Amino acid sequence: MDTINQRIGEMLARVRATRPLIHHITNLVVMNDTANVTLHVGGLPVMAHDVEEVAEMVTHAGALVLNVGTLSPDWVESMLVAGRQANELDIPIVLDPVGAGATQLRTMTNLKLLRSLHIGVVRGNGGEIGALSGAGGEMRGVESIAAPENPLTAARTLAQTYRTVVALTGARDIITDGERGFIVSNGHIWLTTLTGTGCMATTMVAAFAAVERDYLLAAAGGLAMFGLAAELAAEKAHGPASFKTALFDQIYNLTPEQVAAGARIAELEW
Amino acid sequence: MDTINQRIGEMLARVRATRPLIHHITNLVVMNDTANVTLHVGGLPVMAHDVEEVAEMVTHAGALVLNVGTLSPDWVESMLVAGRQANELDIPIVLDPVGAGATQLRTMTNLKLLRSLHIGVVRGNGGEIGALSGAGGEMRGVESIAAPENPLTAARTLAQTYRTVVALTGARDIITDGERGFIVSNGHIWLTTLTGTGCMATTMVAAFAAVERDYLLAAAGGLAMFGLAAELAAEKAHGPASFKTALFDQIYNLTPEQVAAGARIAELEW
Amino acid sequence: MDTINQRIGEMLARVRATRPLIHHITNLVVMNDTANVTLHVGGLPVMAHDVEEVAEMVTHAGALVLNVGTLSPDWVESMLVAGRQANELDIPIVLDPVGAGATQLRTMTNLKLLRSLHIGVVRGNGGEIGALSGAGGEMRGVESIAAPENPLTAARTLAQTYRTVVALTGARDIITDGERGFIVSNGHIWLTTLTGTGCMATTMVAAFAAVERDYLLAAAGGLAMFGLAAELAAEKAHGPASFKTALFDQIYNLTPEQVAAGARIAELEW
């Protein structure tokens, strides 16, 4: 355990030292928030979606975030173009399958991205991972209102099918590559009262994946730090908006040492 | 009066118990804010605009918000597709005619939506309702800089013409279906210092309309609660941004009992 | 110096008295923030990008902001249409060349706008102004990670080439029309921890340019006020998000007298 926590603290230190560019092709709702989260954790954000520039932009990136929260066909085309270039250059892609299961279009688009690209990490909620793995679960819009009966199995199946890391976030986060796995128990219930906290978690994962080739550990690290920031922010919250202010301040203020000390990560026993 | 206030408190309780999905096809400026307002009042937000998914998405919704704040032709097409499906399923549509009167395109688009769909509630400022009713008023961009001479008549005319409920918001809010009507006198001048407060009010109305078939009362309830939250938030504000934080916290924290006690709603005497 | 500071205070008073409409065709990340900054400084914001309405909308504007932060071809076409109308009516255009130098598309698009329109003020960071002037510098996404070796020369060259005012912002802001110039030394390091602060600065410049024909002085005034607000906000900040809240509150609360007293503007000696 000490070694894992230490390695996660070191990842944060590397993010802050190297300031990786995190190229987002993401939804219209959260762009401002995820750009700020990128800056606060220590990276540099860019939001660029035009098909004429995405391949060039991603060349300079440490990681690429693909988030289908407000998808439209031309943006999906840009995701494929940027994604192929990222794969070519071995730049990690983090997919956020927002609303998979809520409409046919969202489910099909995410499956298409999973089949067409090599995705480093898929970060979704229970309903989304359930829909993509075929394990069930239920979505209402972009919220998971029923997780699959066995979320561990859903995550493992999806990871194995697409040879990717799956990070299923909820009260406890499950992270697995289909063989190994971690449970992250940092977090706070206030996160469910704000829009875009899933997308912010995805950005945290991307920032860590930009500096760590072990994506399983990178995903655990990003989620643990995000959850830890939420725990500390909750102490100052009078409601969701003051919680958000405190959360963003905490992401910025947390040191590698604090993250190494506060991350609650356990190896997954199947 | 007691009965009205009590019913409004009960509506809020129903929103929180049933968590209706509020499908927004809305403008790019306020998406994050209105998604958060939806969550804080107790609903679940989804922003989806692609023509391939809007009809399916709205099927699961408790209400549909159409907001033309940053309109473009393909989004208007999606509004029509989603709106027809909502009408088919008897799901209430709340229209926010942002900037009607400011350009020909905005005026014409809103009239087209009013003619093509059965709109449950139109929530606009004085200039917008004036432009749509033909009663005059003046817009500068999306701000009403001169209300129509007789806003009551403007609201009533528009309501009668399109058999809808009109909610004209300002220092006092006028809500009418062309026959009955209410005046809501909750609110605070700080609301005029922030962008998107009209759009937030529209979302509040949609959340209440999702759980109450009497749209006249639902609109009064949503606006009274929003105004009450603003009054309480103003006590903690040092400027518009700290006001916004307090406003969002208040929307989340207000209980049905507090709303029932604090709503200031009077029946309209013509 | 007294005269300059006094004139800047008077500009702010004029913004608040006349409430100019600031028409933005801008990026998806900062729309909410720059709309709020427009309101807080005293103007009225409108975000409108559809080619069918931009020429009509800009007719009522005091200034037009063109910001390519998340550019796509149809939005660039709208920028040209709105810009030509603004030029026709002698309405100042403020260009924010977000990410010029980061991709070919961004560099080329900004040069096209500079060649096709008469731009009143270009407000960019060191890397962006360097890329457009041919003086070098380096961008990572939308952040300047290396300014041109001689930023003064870069700014002057660009100003002379396109007969415009260039405002190159950084630790110290350089503003020049190619002959005269100012250095503004207001500001705070916290501004670098938030997304969109460059775009916000651009909006401040546009609000001042809407009420002052001397764009060199208008740009200095907008940037001095923005930097002064940041200095005062920093005293209340516990991190980037609480800094942002305080910054927006300060922009709203600063009086013309405070701005006249606190602006630190020096004439540029070549």
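Per-chain residue numbering starts at 1, and chain names A, B and C are given in the order in which the chains are listed.
Throughout what follows, contacts are C-beta pairs under 8 Å (C-beta built on N, C-alpha and C of every residue); 3 or more make two chains touch, one makes a residue touch a chain.
Which protein is which chain? UniProt says A, B, C = Hydroxyethylthiazole kinase.
Fair warning: this is a prediction, and the values are worked out from it, not measured in the lab.
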item	value
Mutual neighbours - chains that touch chain A (Hydroxyethylthiazole kinase) and chain C (Hydroxyethylthiazole kinase) alike	B
Type of chain A (Hydroxyethylthiazole kinase):chain B (Hydroxyethylthiazole kinase) copy interface by residue overlap (half), same or different	different
Superposing rotation of chain B (Hydroxyethylthiazole kinase) relative to chain C (Hydroxyethylthiazole kinase), computed on C-alpha atoms, to nearest 5°	120
Mean-CA-position distance for chain B (Hydroxyethylthiazole kinase) and chain A (Hydroxyethylthiazole kinase) (Å)	33
Chain C (Hydroxyethylthiazole kinase): positions in contact with at least two other chains	28, 32, 245
Contacting residues of chain B (Hydroxyethylthiazole kinase) [partner chain C (Hydroxyethylthiazole kinase), same complex]	27-30, 32-33, 69-73, 99, 102-106, 140-143, 145, 193-196, 238-242, 245
Touching residues (chain side chain A (Hydroxyethylthiazole kinase), partner chain C (Hydroxyethylthiazole kinase)) in the complex	19, 21, 23, 28, 31-32, 35-36, 38-40, 44-50, 52-53, 56-57, 60-61, 244-250, 252-253
